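Naming follows writing order (A, B, C and D), and every chain is counted from residue 1.
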Amino acid sequence: MSQKMSALHRLSDNDLARRLAQDIPDGAYVNLGIGMPNKVAGFVPAGREVMYQTENGLLGVGPTPAPGTEDPELIDASKQLVTTIPGASFFEHSMSFAMMRGGHIDIAVLGAYQVAENGDLANWATLDEKHPPAVGGAMDLVVGVPTIYVIMRHTGRDDAVKLMERCTYPLTGLGVVSRVYTDLCVLDVAPEGFRLVELAPGNTLEAVQAVTGAKIHI
Amino acid sequence: MIDKRVATLAEAIAPVREGAVVMIGGFGTSGIPFGLIDALAKSGVGGLTIVSNNAGAGEEGISILLRNGQVARVICSYPRTPGSIWFERRYEAGEVELEVVPQGTLAERIRAAGAGLGGFFTPTGYGTRLAEGKETRQIDGRGQVLEMALHADIALIRAEEADRWGNLSFHATARNFNPVMAMAAKHTIVEARHVLEGPMDPGAVVCPGIFVGSVTEYGVRP
Amino acid sequence: MSQKMSALHRLSDNDLARRLAQDIPDGAYVNLGIGMPNKVAGFVPAGREVMYQTENGLLGVGPTPAPGTEDPELIDASKQLVTTIPGASFFEHSMSFAMMRGGHIDIAVLGAYQVAENGDLANWATLDEKHPPAVGGAMDLVVGVPTIYVIMRHTGRDDAVKLMERCTYPLTGLGVVSRVYTDLCVLDVAPEGFRLVELAPGNTLEAVQAVTGAKIHI
Amino acid sequence: MIDKRVATLAEAIAPVREGAVVMIGGFGTSGIPFGLIDALAKSGVGGLTIVSNNAGAGEEGISILLRNGQVARVICSYPRTPGSIWFERRYEAGEVELEVVPQGTLAERIRAAGAGLGGFFTPTGYGTRLAEGKETRQIDGRGQVLEMALHADIALIRAEEADRWGNLSFHATARNFNPVMAMAAKHTIVEARHVLEGPMDPGAVVCPGIFVGSVTEYGVRP
């Protein structure tokens, strides 16, 4: 690990998900992406009724089923077994994406390879041409959902910068990200670029700026 | 907590503003939100653009809004039905504008708005007067017309059952334009014959509650 | 009545509907227009299972309900009270027109103001500008349904010609009519124009040709 | 009489021809017509274009067709899933072509085919690599991409219940792409967990039988 990294205090994945979950309001319709985004549901404060949509045709996703009550045909977009909560509905695929593209979902939480200071998002393909690309529903979500939250580790493998002036990976959407939650800080995408919302406890702006590829405005 | 129930039709209709584009579900006499239309008539809000399959008949439904002079424009497929006297009177006097749209194109333009699509190419109307002035092209050897998404500020919807999350089911042919209009409006207002105490069966929901703004019980059936 | 008309033998509306009904095969999906087309259902030979679609969201329209069993919210496109037959389904409007436009309905039976020898159909507006136009579902049906049967009286008010070289009223669709059933004859729309299928009993080709605005080929 | 019931999966799959475009319903492991895919694998018919959300995983479903070399082309949104080894092997060897389509655009292109529309403008993918070479324009101030209808010769569908008229209902999230694919194919082949003796309730039908060619009972649930 490089020297500059050693000064950073990183949130655990659970603490990061818990931080983002504070910003999911009561009554929201929310789509959670595969992976770290999916953890957010477990940390939304009690008393908030949130309707989670999964692209494969369910609004009102509930927690993992108790052993013995699993339904193999009741799964989420991660192919994990789920349940339904009261008020849920099933529907087919063109309806599911009408919800997303038509602006009916309030918030989507997505992972990212890269986020640019202009809000561009890259989360579906790298420059590695050996592997077949796979896009899923990400491009539909980012054009339709008014609030796009990205949750990710601040830096990648080998300390690769992920927050930058312009993405170098193929884009998922242009100017679509509202806010980025990382293990080091929370940043809004503002007209001037990344704007600091808060630092994770123990970090300095200088240390976080040093591992960020674009200026953090305050 | 999500609770879309509203106590009275008057309260439900309050968000309708002067000059609003208002979609109204129903076909013939089936699935028309008569209670909400009455409340809209009483509100006196005017300058409305009404999007509906028909333009009212007799002295009820959309006819009341036309009679009251609340309607500036009608977008529909079939305005001229037996008894559509108020529409005909206002139309002949030049007091209401009319845009006639083929019925399937009307449904599809509404759906496109709800689904976040800008428009679509359809063979319907190609080569006819209703395609005049519209962009056309050949696709797969067929003439097709570009039709644009049709958005609304408000949708007035009639359902059979609703729950507090806004999930809806419909009775027989009262379904018609109701679910697709619910998708296309910024704010969708529902009168339901029954508002359920608990949640609807998730597999029986026809219109998911995400498309619904408010729900009021109105037990009268035509 | 003019002299030429006096030589013609005209089928009654019921006999005309009965004639057309012979050509509705077992297992067909059929849409019947308002008015005379709607009469056809009553004459389809026993033993044929035909699924009638009505544009307002029902496939499997059954006969008029028995007194006391009416459902005011179960109507057809003519706003008449109907019933359902076994195998019926209800659906919303965009689905209903997907059935028509997408080529899933086998046969549509429509009325007409005018039919041209090239298959053009005019059945939604006249040249009378005093009355507001009303198109309904006719334009969707004619582009989507592979077989369009027109049922109408051979001539209009004041013996006006309705079968002609080119329509003079605004068109519903271009080159869409397959066959025309009138009270005087049955005509196919063929590459060369109208082609005689049969004359109603008692008529001669000469007499029918005399009230037809385009050549009848044999 | 309308009776779409067919006795065996092998008989049901017989209409599939060499080089056919075949839509296959399902998402992940839910709603996949495993019985029909097995029958298609046994039939040995090749040169297929497969339209499906995923490209198989492990040694079942679409993976079998890929393993057998029956697939020339795949159109899907998410071919790379854990265990999609047969797809990856064929792709890396250049033995299968791939068209990646955003998932919502895939569903909508399929629906457009079923609904007789030539194509549509969608904001999805605008400005990205997946819009390269496609017509674009600004609609209501947003960049939109023209996407064309996607037709199929055959659709393979998994349903929960079916009746002899071909009416279908679905269980939970096994609905997914199944109803919309049923609309888009010249011939739609269904495996249903239960084939009913009598008709389905008309209000409970999710996919009307008019879209269905044949129905075979296949009781196995994954």
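Following the convention adopted for this analysis, a residue touches a chain if its C-beta (ideal position, glycine included) is under 8 Å from a C-beta of that chain, and two chains touch if they have at least 3 such contacts.
Remember, it's a predicted structure, so these values are computed and weren't measured experimentally.
Chemist: Just how many steps, at minimum, does a route from subunit A to subunit C need if it may pass only between touching chains?
Modeler: 2
Chemist: Let me check something: if the centre of a chain is the mean of its CA atoms, which chain is farthest from subunit A?
Modeler: C
Chemist: Between subunit C and subunit D, tell me the centre distance in angstrom, where each centre is the average of that chain's C-alpha atoms.
Modeler: 36
Chemist: Once you find the CA centre of subunit A and the CA centre of subunit D, what distance in Å lies between them?
Modeler: That pair's centroid distance is 29 Å.
Chemist: So which bits of subunit B are touching at least two other chains?
Modeler: Within subunit B, the residues that touch at least two other chains are 108, 111, 115-117, 122-123, 170-172, 202-203.
Chemist: Quick check: what residues of subunit C touch more than one other chain, meaning two or more?
Modeler: Those would be 58, 90-91, 94, 97, 100-101, 143-144.
Chemist: Which chains touch which?
Modeler: By the stated definition, chains touch in these pairs: A-B, A-D, B-C, B-D, C-D.
Chemist: Okay, in this complex, where on subunit A does subunit B touch?
Modeler: Those in contact with subunit B are residues 26-27, 29, 49, 51, 53, 58-60, 84, 86-91, 94-95, 97-105, 143-144.
Chemist: Which residues of subunit A touch subunit D in the complex?
Modeler: 54-58, 71-77, 79, 90-94, 96-97, 100-101, 125, 130-140, 143-144, 170-174
Chemist: Of all residues in subunit B, which touch subunit A in the complex?
Modeler: Within the complex, subunit B touches subunit A at residues 1-2, 111, 113-117, 163-165, 167, 183, 198-200, 202-203, 205, 208-211.
Chemist: Quick one: in the complex, what on subunit D touches subunit A?
Modeler: So the residues of subunit D touching subunit A come out as 27-31, 53, 77-81, 87-88, 91-92, 98, 100-105, 107-108, 110-111, 122-130, 143, 170-180, 206, 221-222.
Chemist: Could you pull out which subunit D residues touch subunit B in their complex?
Modeler: Residues 108, 112, 115-123, 139-140, 142, 144, 148, 169-172, 202-204 of subunit D touch subunit B in their complex.
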